[in-house]
Amino acid sequence: MTAADTPMPKTVPGNYFEDFSVGQALPHATPRTVSEGDAALYTALYGSRFALQSSDEFARALGLKRAPVDDLLAFHIVFGKTVADISLNAVANLGYAACRFGAPVYPGDTIRAASTVLGVKENSSGKTGVVYVNSTGRNQDGDIVLDYVRWVMVNKRDAASAAPEPVEPDLPEAVPADELAVPEGLSCAGYDDALAGSAARWEDYAPGERINHVDAMTVEEADHMLATRLYQNTAKVHFNQHAAGETRFGRRIVYGGHVISHARALSFNGLANACKILAINGGRHVAPLFAGDTIYAWSEVLERIALPGRGDVGALRLRTVATKDRACADFPYKDSDGKYDPAVVLDFDYTVLMPKR
Amino acid sequence: MTAADTPMPKTVPGNYFEDFSVGQALPHATPRTVSEGDAALYTALYGSRFALQSSDEFARALGLKRAPVDDLLAFHIVFGKTVADISLNAVANLGYAACRFGAPVYPGDTIRAASTVLGVKENSSGKTGVVYVNSTGRNQDGDIVLDYVRWVMVNKRDAASAAPEPVEPDLPEAVPADELAVPEGLSCAGYDDALAGSAARWEDYAPGERINHVDAMTVEEADHMLATRLYQNTAKVHFNQHAAGETRFGRRIVYGGHVISHARALSFNGLANACKILAINGGRHVAPLFAGDTIYAWSEVLERIALPGRGDVGALRLRTVATKDRACADFPYKDSDGKYDPAVVLDFDYTVLMPKR
Amino acid sequence: MTAADTPMPKTVPGNYFEDFSVGQALPHATPRTVSEGDAALYTALYGSRFALQSSDEFARALGLKRAPVDDLLAFHIVFGKTVADISLNAVANLGYAACRFGAPVYPGDTIRAASTVLGVKENSSGKTGVVYVNSTGRNQDGDIVLDYVRWVMVNKRDAASAAPEPVEPDLPEAVPADELAVPEGLSCAGYDDALAGSAARWEDYAPGERINHVDAMTVEEADHMLATRLYQNTAKVHFNQHAAGETRFGRRIVYGGHVISHARALSFNGLANACKILAINGGRHVAPLFAGDTIYAWSEVLERIALPGRGDVGALRLRTVATKDRACADFPYKDSDGKYDPAVVLDFDYTVLMPKR
């Protein structure tokens, strides 16, 4: 060091619990133009077969300008941008809520993300705290493509620092029907079941019905790292085996969103007409997933939701449960004490759009 | 289960031998818009270097509107769509024949697929049968991009069910010259050998000539699964290590088409001017390939075919043989009893387009 | 073999030392149209987050027509094309110099490459020689996108052949300031630090300053092979485990350029505003990298270069050092005898563009 004695710090240390305050606005770096390349990679990573996202012709027949990218690709891109500011020093990603999908994302759209702190609450240990943020992704026109709340447990920089006034936001158990956004111009009047792969429409699904998605997918290190880098998500635990070897797991942890995307792709077999995700009501990564694990999934229909003024489409609230190394013919979930089956890795509560008869 | 006592089945069990009948039409799900992203992934998966598919400028110089995607990418996409209806319960993929490539596939084209059953024949065991199907891929204008016959051995649902009248289609040994389709507008008059990577033209290849392609490629689990998912091929044996661990192989089986694409990419070194596949006359996956295996390949020129009215291009019928973990300097193939060398994994008979002097 | 007794050789053996002569022009095969798919794959392979290459909107705000692809993607594509003619029989890739980036590469551009031999010098062993080439990549308009000198040690075909007159080109220690090309139309007057991810501008970096890039990335076989195939680089050592198992390493060697791209992507954390590479002054692959290794990186600012007539941007000459399986908080480099720390794999000297205050 010759010319600069105390240079401005250049690397981003991430925020600690003390750095967050209610109402604080956090713009996130690296806007991202989503492309046909991203969409192709998404297909290669998950093998998703939903016709609306796969075919421009199918999308045009439903009134859209072309095939939008997978809703979860948009989610992962927005989520990825929040990591450096929200969860770089997180101990755990505790939950999601109130996630609404807005304008569809098309190749060519540029997404940027920003968050606002909704709540902070120090834990009794005095070493960590919970931070609630509302994160929003917008396209180049300023339209909201995604809006959600996430809460994470974050380390304090200094255990001796004073606890802030605790603030916990009110969060809905599920996104209400009147906040579910059907893409402008979309009509399922001419929906083609044969091309979509299933004759089962909205009316054919009943609350309480359970569906074993049968298929399964083994995750490789290269796969989940390609995915997580594609989302420009920089959480260290996914990438660095040299450091992970020293942790209690001894291995890299697969990004939880990668599991969600696999579960959604597997759900095609049984939910082929669930053509779009409208909302994520809640989600819990029950256990970590590692390369070499095989993901299975099953779903339960939680609710059949009529959409006001729509004769062509309705919504289904679903719970999709993913397991590792365990087939789902018997729908593994929780025992009578409410304890998860040890094979469960994901408990995902979301709302999808489906054509009506 | 509360609201629905006997819900409509939602998952696709696939067809069994009894479900097929001669003349039956099977539309396949999930139309697919092919993109520049798919083309880039194809390059990343195989490293293919044929100039016509690599460069828009090169393609335009030959009269096309831009670089078409690799012919085998179109093949894999169409093939992938047929799996759920044709071969989900297949014991073995027995063969291909009469595969003709039609209109080139360009980024932006949307491909859909449909099949017609040409033949059924129960096996003597009474437990399985052979089904012959003609599968066709079409673009958004209805033009045929690919048309082929495949036959598979499929499980019967019920061994006690009666055998159908056996029908076996007549299949050509090779696609005849007058059915080979040179893309409309294509002319190789101004073909640039230096850019294409070889000075060897159609006249320089003689029937009986054998070419060792020298290079080799090791297959990884992540690679072949990315490829097979990209093609939206859902055959379970490629993806589920948890279940594969219980099979006689103990491992996931690499999609046979992945081996074909590697063999074709390796064949560039020796056949750089084989700028387009016109037909697949027949193909046999002699042995399964697994991750960790290294693919080598060699080719034999079977026939030099003049194309009527064409001074600029001719066709070559080729046999490309791929091996695993064995170099091909001595052209491993069959012994005097017609038994394949144990290293051979693929015996592929196809016809390519090549510029003339 | 029946019809052709001595057919024209079809496979490319690559050039040996005797095949090179000063002034010789070598056009390279396989022009390549770069696409959005390549850009997406590049992001998936390295997780790069530089805003200028990530967002069309960000690029337009700086005066460009859209986001250019990563400079190193252009480098790898051009480099890949040279392999078959320059380094197929190379023993070692000795160095790079005088690498200048010219016109930005946009999706849709078609790149071709050609080389000229600048020098040849037989080694004292008589078995090998050093070949210096100037390689140039041009777009479809003939604009230079990349121009560099590389020297490689190449095997002689015949150790008994006479040594040529030795010619060694004069190479600059670094690309001079007046040869650094800021893309036409680019202005950083409205550069947005928040979107770019850092408030540190050109003036905030001082010669001698060292930056630990903190993050790290483990390399998988599938990753580096996907990358190297994407670049259509055919060097055998990266792909063939069957043959690599017999070498002293026993393994496939990761393409050195893959390490450079990882180091550049890691450098975002500390150099987020280093929005474009202008030049590569020199680079040394100090040790081979293998799958399973984890790459860390640190950088030193070597020089702050004012660009004539530019109030909006300046250049920084940097040294980025990459290590394997060793964190870089203490900046591992060379010992007092000039010997590299055993963890160092890359010593990379380059010049970047950065917005001024």
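Note that the chains are named A, B and C in the order they appear, and that numbering of residues resets to 1 at the start of each chain.
Everything below uses one rule, namely that a contact is a pair of C-beta atoms (placed from the backbone, for glycine too) under 8 Å apart; a residue touches a chain by one contact, two chains touch by 3 or more.
Quick caveat, the model's predicted, so the values are computed rather than measured.
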| item | value |
| --- | --- |
| Copies subunit C and subunit A - interface residue numbers shared by over half, same or different | different |
| When subunit A is superposed on subunit B by its C-alpha atoms, the rotation angle in degrees, nearest 5 | 120 |
| Chain centre separation in whole Å, for subunit C relative to subunit A (CA means) | 36 |
| Multi-chain contact residues (two or more partners), subunit A | 35-38, 40-41, 107, 220-223, 226 |
| Residues on subunit C engaged by subunit A in the complex (per definition of touch) | 35-41, 43-51, 54-58, 66-67, 107, 194-200, 204-218, 220-223, 226, 269-272, 292, 294, 296, 325-327 |
| Residue numbers on subunit B that touch subunit A, as the complex places them | 1-4, 7-8, 10-12, 27, 29-33, 35-38, 40-41, 84, 107-108, 110, 112, 140, 220-223, 225-230, 232-234, 236, 239-243, 252 |
